[in-house]
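Right after this note come the structures.
One chain, chain A, appears in both complexes that follow, with chain B as partner in the first and chain C in the second.
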Partner chain A sequence: MSDQADKAGTTVAKPPPWNDPFVRSIFFQVVAIGLLGYFFYSIFDNTLSNMAKSGVSTGFAFLTREAGFGILMSLIEYDETHTYGRTFFVGLLNTAIVAFCGIILATILGFVIGIARLSNNWLVSKLATVYIEIIRNIPLLLQIIFWSVAVLQALPDPQNSIKYGESFFLNNRGLFLPKPIFEDGFGLVTIAFLVAIAAIVYIKRWARQRQEQSGDQFPVFLTSVALITGLPLLVFLAMGMPISWEYSALERFSFVGGSNIIPEFMALLWALTMYTAAFIAEIVRSGIQAVSHGQTEAARALGLRNGPTLRLVIIPQAMRVIIPPLTSQYLNLTKNSSLATAIGYPDLVSVFMGTTLNQTGQAVEIVAMTMAVYLTFSLGISAIMNWYNKRVALVER
Partner chain B sequence: MKGPVVIVIAVIAALVGYFAAGAINKPAEMKAAAPAAKKAEPAKASGGTLAAVKAKGVLSCGVSTGLPGFSAPDKSNKWSGLDVDVCRAVAAAVLGSADKVKFTPLTAKERFTALQSGEIDILSRNTTWTHTRDTSLGLNFAGVSYYDGQGFMVSTKLGVKSAKELSGAAVCIQAGTTTELNLADYFRFNNLKYKSVVFDTSDQSVKGFESGRCDVLTSDQSQLYALRTKLADPTKAVVLPEIISKEPLGPVVRQGDDQWFNIVKWTLNALINAEELGINAGNVASMKSSKNPSVQRVLGTASDMGKKLGLGNDWAANAIGQVGNYSEIFERNVGKGTPLNIARGVNALWSKGGIMYAPPIR
Partner chain C sequence: MQNTAPQETTETQKAGIIQMIGVHKWYGEFHVLKDINLLVDQGERIVICGPSGSGKSTLIRCINRLEEHQQGQIIVDSVELTSDLKHIEQIRREVGMCFQHFNLFPHLTVLENLTLAPIWVRKVPKAEAEEIGMKYLERVKIPDQAQKFPGQLSGGQQQRVAIARSLCMNPNIMLFDEPTSALDPEMIKEVLDTMIELAETGMTMICVTHEMGFAKTVANRVIFMDEGQIVEENEPNEFFDNPQHERTKLFLSQILAH
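Let's turn to the complex of A and B:
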């Protein structure tokens, strides 16, 4: 009824189009989008025509040309004969690996220090406070350079390496480790590992259902550890240990063969981890303190011990406060990894926006591609963290 | 209520109409007036660099971040070096005073973008003239001020005598240089393995070499001698005899301004011609009364070579008088009396066994 009345009302007093709020709002939005589009179009067009006028080459054809320069560290196969496009992926992966390792290590270190700061032990809590206040108040670039210089200066040259057994060597060219070479049959070990993970997921679900029905608890954690180490190990032994190691050997200048973790990577990862962990520690502390003390008391009243209180009551509630600022720390770490160029770590900025840009001179395309990578990384991390945030958010019943 | 809204709509409609009409009718004008003023600047500067420099009263010159002998700030914080003197000569020719130069230190990575975007008027920064740079960067090389070649410096204790022994070595190198490519070519061609550790500035690459991160430092050979003087103990390093590439270094200008290109090119030529004709900073005044027609043309006492460049006829006299001829510049900055102690070698005049040759001023 009321709908009809409304319709009837509008038909009676239909305003002229320029006074119709609906038409008007559409009009303004179209105009706004048009102006914005024109603005970007004109910047784009202006850039292109100016570059053409001053004889600068444009386009993405350079990506298929041979690069002709070497890169210190590459996760994929690369040598001078590969293309500029390949250098993009080499740099991208080098950035990704340092960001990925950094996020994991910073999270672990940050949680440990954040909890330590809340410790009842005076010494532990003061040490954590001192760490946080020193590390987060010194610019990151200085810290990266400091660790790079400290690491490089402190380590001996390859001839006088620090040895750990006969296969691990540490010197100013980095850490040299034996490189695993997988032989036939190792695929089964991988399969066993995957089977163990699937089994753990299943057992966890089953144990939970059982506990909800009967109240009996099942030692999920211990079973999981046993499964994930035991099953692949059994298969590994059964297949006759299908793995061999390639060892590093000292030649005239340095070690050859095996795996090598370059010192620039260690310095950058260490600095990024230390720096970000200081911020994460504060976030963790604030998250835990945001859970009121009444929650602890309630848990105690239910008869929960210290461990389960923290694990089942405090942390889940603290996570709601921790996750959003933690996400931005992850984003910061990823973007800060571009400071690598200062110490010669071949990340995306150093390789692609440095050498490749200089050899080809195509600044606009290369800078745009580099920005797109960081944007994609950041949006990806955000998406994952938002999904996780939704999972841990308080579900009110 | 109605009034203002109608006015706003009318204004927006008028704006849209104006831009739309502009886009259709006068695309050329629009580009000049488009909002990206920063990008429009180099276009405006093309053809007008001389006028712009005269209006500013100072020449913007891009130099290195510190390379002894070529461009480095001295104790009193004044820039000196061979590349610096080329800029000073151009400033003397254009503005009448060699001191009217603003030096902008640039890393190898930054240099071409700085020139393309109009931040500097001339790039004089031990830059190698190559096909790719000349043809695809929108730049012109205005001649050669120093003939160089790439070499290697190694630590004495390794006992290396030849670059062919360097297989497996870690090599420190500066980012964005032709050396990066030459190195890869040389090692690949000779079936040698290497690891390149890339730094932003030459200072950092020297530090890397000194701290033992690399076994080898590679760069243009002149730079190696310069960088060797910077080491805490120069006797601990030795420069290998091999030269693996041609590195003609010279000043660079933006493409599309032929007048400015000519000014830089002929100022450099004038310095080299002056050495050949025996004109130097000390005798430039007395040489003005010389009977030699070649000298008269250079110094502007006969004919009007300066006018053809859009400058005063005393352009070359100013440059030579205030900065010196090529020989004086070379000896003062990198020659026998300096820490670099580089012999003229291929940089001697063509008439004295080298390849330094400038077209005649006539």
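Let's turn to the complex of A and C:
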């Protein structure tokens, strides 16, 4: 007895290593990593030797060869004489642009519908419910094809375009818009924009200091909006509007000049936005509902108005619940954009893992590169959202 | 602050800081408040008791319009409560409220809980708001918890923070809705002591509670409610020793049985 008490008094007795939870966990982790490493090594080794046997060349030399095929839409200069390397970037950018636009639009639409679902107005909340229930229960691929067919086939041919003035044309080849051409002096407008941003940062600091000293609140948000639109606009007008537009025009059977948004892009973006927005709406609704009604009541009882109550009490708490699932919706949208292949939108999977792979046969390199792109996008989105989560969400405990 | 209409004198204000005249309220078909008439003078301390579901919470929540009444008049500090948002805001600034479940803001520190309303409603400079906040935290005897989050405090401490939070708005009237009924027995006393100290400052208080000791110590009047009506109303000793109505007797025998 006294012996044991002595031991306990100095240090806690150590169990034998095979019973020590710490030693055990290290051991199992080392074993797991070893097995995983061996698994991947054997796959890799096996594939390479198979490819060598069937005479497929390996390595990344193919990226510098001429592609020899055209792509429907590219954000950078591209034609069939460019290399496979460039094809990769065209596909990557096409995926990035549709994912980026989709995330922004789906977030806006999702928040609007999510809040609408909580509305006291019977019709508004029922409409939001119906939207959510219909959209999220139909497979995305079906929706993409539906919008593609609906958009492509419902639109008139170029001769009978739906037009707005002589500058916007909508037909089954896409939406044709004037293309801006920046002239001398536009640089100043950009500078004005940057100055406005700097001013906003300064005003925010100043407003906080003033509040701490005098208690007065300053309408920072409205001032910021005014500054960021007003200042560049003013410079723009003062410089004599240093921008001109290249208009699209109908030549024989098609439009030339201006910029063109292809219908495949519109259909894909529209379907991805609608679909993801339905899920985001549910996330937003449950996030707001997760904040107990007592919080609103406490804020009201203190005399806070609806605006500050939402901004200072409800949203910060709802965000804690909203952000993690919102992040996974963003990731889903990005990955779902690869369904583009079904309607011929030239995204990364379609041009690189499709056409390029067919032409070169270098499956391992191409699949690896494509996977690396999606992985990078996903990790990037996660990193941004985690950073945002840390900043905005809860510092509780 | 300037919520007194100019023609009102201090006399009338003192004599009926809260006036409920023929108040009725329905939740859909359910008649929850039936012809409530209640006059509360400045500095008076009222305890409301009654069985669960009798409408006690609804009654006091009508006073700062967390619930709206459908018939009758409620006048607080000479301002009549209508759907006029301006009046509602004005009254909520003057009337503090503490809830059964505290309803502290979990994402803000204790001190931030206290300064939020002064900063955003009263437009007090931050440093000054923090000074006020610390003053009231000292009043409720937990200044050392200022930088913690509500989730790190005990229930009794949380309720005291909630009381301090209301006091930071410098209210004329305090409403309490069963402030101790979610607390473990050993914490009830610290909250009641805080409330007794508050009563000693002359604060007008309406308190829904079944703490009979508290009622006897501080209340000027005890009100018994049942099924949406005020059944009986008397000064505390008379109320407990000599209840008039059968329903009151039954209720008192039930709560004293514990």
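General observations
Assume the second predicted complex is superposed on the first by the 356 of 397 C-alpha atoms of A that agree within 3 Å, B and C clash if a C-alpha of one lies under 4 Å from a C-alpha of the other, contacts with A are read in each partner's own complex, and residues count from 1 in each chain.
Rule of thumb we're sticking to: a contact is a pair of C-beta atoms (placed from the backbone, for glycine too) under 8 Å apart; a residue touches a chain by one contact, two chains touch by 3 or more.
Just so you know, these numbers come straight off a predicted model, no measurement behind them.
Judged by the touch definition given at the top, the superposed model places A:N50 against chain B, while chain C stays out of reach.
Ranking chain B and chain C by residues of chain A touched puts B first. Legend: residue contacts after superposition of the two complexes on their common chain; A:L304 is shown touching chain C, with no touch to chain B.
Of the two partner chains, chain C is the only one that A:Q295 touches; chain B does not reach it.
Look at A:G215: by the touch rule set out above, it reaches chain C but stays clear of chain B. Applying the stated contact rule after C-alpha superposition, one finds that A:R117 touches neither chain B nor chain C. By the touch criterion stated above, A:V313 is placed in contact with chain C alone, chain B being left untouched. No residue of chain A lies at the contact with chain B in one complex and also at the contact with chain C in the other. Note for the complex: chain C touches chain A at residues 64, 66, 89, 92-93, 95-97, 99, 101, 103-107, 116-117, 119-129, 149, 151-152, 162, 165-166, 169. The touching residues of chain B, when paired with chain A in their complex, are 2, 5-6, 9, 12, 15-16, 19, 30-31, 34-36, 39-40, 42-43, 46, 108-109, 112-113, 116, 132-133, 136-138, 158, 165-166, 168-170, 175-177, 180-181, 183-185, 187-188, 194-200, 204, 208, 211-213, 215, 254-256. Residue ranges on chain A touching chain C, taken from their complex, read 211-217, 292, 294-295, 297-305, 308, 312-313, 316-317, 320, 394-397.
Of all residues in chain A, those touching chain B in their complex are 18-19, 24, 27, 31, 34-35, 38-39, 42-43, 45-47, 49-51, 53-57, 68-72, 80-81, 149, 152-153, 157, 172-173, 251-254, 256, 263-264, 341-342, 344, 346, 350, 354-355, 357-361, 363.
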